[in-house]
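Naming follows writing order (A, B and C), and every chain is counted from residue 1.
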């Protein structure tokens, strides 16, 4: 494979995982909860594209809508779903001041619930769906052929990251989110409404997940009710490598994991390719043995881990 | 020692006769369906007790313990499968292993030892991780091992099922294993290591300040729980008679965790009670899925509702009674936090 | 203005404060004094809504506030500058102030709101764009108070304002508190030093081991020579 294509592929995968880690990191920042249901948010965004049925030739639902409407609908739907999980599952738990272990398990329960619901309505058969068919083209960039969908993934991720940075730095709500992430109780003592800040984080996280749904389906075209799990695991592992509680670290960690995944795939001999994830996560364990706090820890991250 | 104080010190002492009575009643008065359901519950109970040994004592959630069930199940199958068909399912096994024909019990123990050894190896890394990184690491571990097992076709039959394992696990076998697990868990919980681990559970910083080296105690609990969970895996295979890698993934993870949490994460009694309650609910839901005749009406729940209900029940318990049905109580004594 | 009646707050099974009965009248400066672990901070956290009383009532202007959320209590007019200041060290000085501006300010008058506190604490103006974590202890304390003032409190609670500060800052901060009282803010101050408490406050409550062991006007208490022994618990209060 052409090295440029490989790099683009690595950047694209890295971007996707970075987006996933960002979504996870936003919620973790304000709630100190690893949202295991994040992968399922991506999954239901993808499934919203087709009509519930048992067949493997899925009938398009939102997938048939014109592009701007499709994008808005999926992102909106997942954001609303994320808000619903916050409102009906996580807020009651928060009100009871449960410990972090309970929050973790409950996010796992929400994750399993979403998987089971999709399994129920769509059955377990993988389905194929096609969106943005124009993205499957290859474009020629200075003599190199690059998959359009990869280029779009990189650009969309860059744009979303930039927008997030601007939001967190400039908007009052963004500053409140950062304050809440650093010291939630103190922020509340200054008038920041807990429910609003957390809902905001969930909504943004959901919107990110929706974007990932679209990019992922555009690239792979396959729906499977467990598709969110490896994506979420990659997101979590990226967060852990980057340093738990550190948003920049999470994004970088996700990015490196995605890029490393692609590079490893290309470098491994044919027979070992299916075990790529095994190699990758073993590498992660080695990293964590040396630096259990993560690679990109900023000062002051101590107790939070 | 008065009886109350004895029960307070060794809550398991109450559980063992209680379970014994339950099994006797079901065996002689229940039908084969009920006995089968209870046997299955007992197999899961071994796993849930194993989970308690680590999660309950350390306070660290594990989403990856099913790894050890998988290792234990397959390692025991390597020794006991399948009346001459072993080489057909798993041609890659070395000759000496193909020829071995162990009875289920020692096979299970050996398999569990293998799992424990593996746990010791990766446990060194896992026990150093904090409360957030550890569950993620363990889930990733399960994911990795699952992927390996799915692809290592010559040794695990990959994504196909292995059928024909000796059906050696009846209600009494399972019960005896549960007794053993209860005793082991109890001894660990009251050992200095277990006590120190529980001290660290409440406040890591304080425990560290008072000189407790947490990761060693975590490692011990981790290896012990891996051993017991692997025993559960071996029992699982010899109860069902078939094995497939797909059995050891999210459904089993969710089920065992739900059983522990519903009963009460922090007590052995909770592990036992939770398993029985969740198993009972499952049987009920299964019956609905099969179809029940109520006053002439055939009530038939569509397939897949079982998992939805279980997830909802777990969430409800977490919201309204996060300490579980048993709470912080061991059989006989409320625990002062 | 603020009344506590038989307040008890527990950490788990252990009561941290018990039978705490006190009042702060409008326009006063009241001090809670006592050694470490006496329960002074716990009491202020209970008033601010961070901790929930297990017994007793807390009333602000006759309205019960025990157990309400912190963001509601601050909207009612009580602001707490907690022990250790707890400024957002990863945010700039300006951003710290912005966080506190949401309660009373619209997006429009953020600048004018900031102007008023910056006039009170000119040093913050020169450090407006710096990360709050880079400020000295005294500057951080001023920032913490400035932040709280942006919520326009009727009652300002300051927990250990002089902790860890260089002497020049201590005087500055205490003077600022007196000025705030003159301008109409009621103050509840937590202090470890009996001398500073008597110096600053109109009335003092002496706490020890979770209870109030002595209370009275500073003018009266200043004359007693057994204060030290009561403070340290060597002698029961009368």
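Going forward, a residue touches a chain if its C-beta (ideal position, glycine included) is under 8 Å from a C-beta of that chain, and two chains touch if they have at least 3 such contacts.
Quick caveat: nothing in here was measured; it's all calculated off a predicted structure.
If you take subunit B and subunit C together, the chains in touch with both are A.
The most distant chain from subunit A, with centres taken as the mean of CA atoms, is C. Nearest to the common centre of all protein CA atoms is the CA centroid of chain A. Note: centroid distance subunit B to subunit C, computed from Cα atoms, is 52 Å.
Averaging Cα coordinates per chain places subunit A and subunit B 31 Å apart.
Averaged Cα coordinates give subunit A a centre that lies 42 Å from the centre of subunit C. Only residues 48-50, 69-71, 74-75, 79-80, 82, 86, 88-91, 95-96, 98-104, 107, 133, 147-148, 150-151 of subunit C touch subunit A when the two sit together in their complex.
By the touch criterion given at the top, residues 172, 175-176, 178-179, 182-183, 185-194, 300 of subunit A touch subunit C in their complex. Within the complex formed with subunit A, the residues of subunit B that make contact are 59-61, 63, 122, 124-125, 128-133, 135-137, 139-141, 143-144, 147-148, 150-151, 205, 250, 254, 257-258, 261, 265, 302, 304-305, 307-308, 311-312, 314-315, 318-319, 322. Contact residues on subunit A toward subunit B in their complex (touch as defined above): 28, 34, 36, 89, 92-93, 96, 98, 100-102, 104-106, 108-110, 112-113, 115-117, 119-120, 226, 229-230, 233, 236-237, 239-240, 244, 274-275, 277-278, 281-282, 284-285, 288-289, 292, 303, 305.
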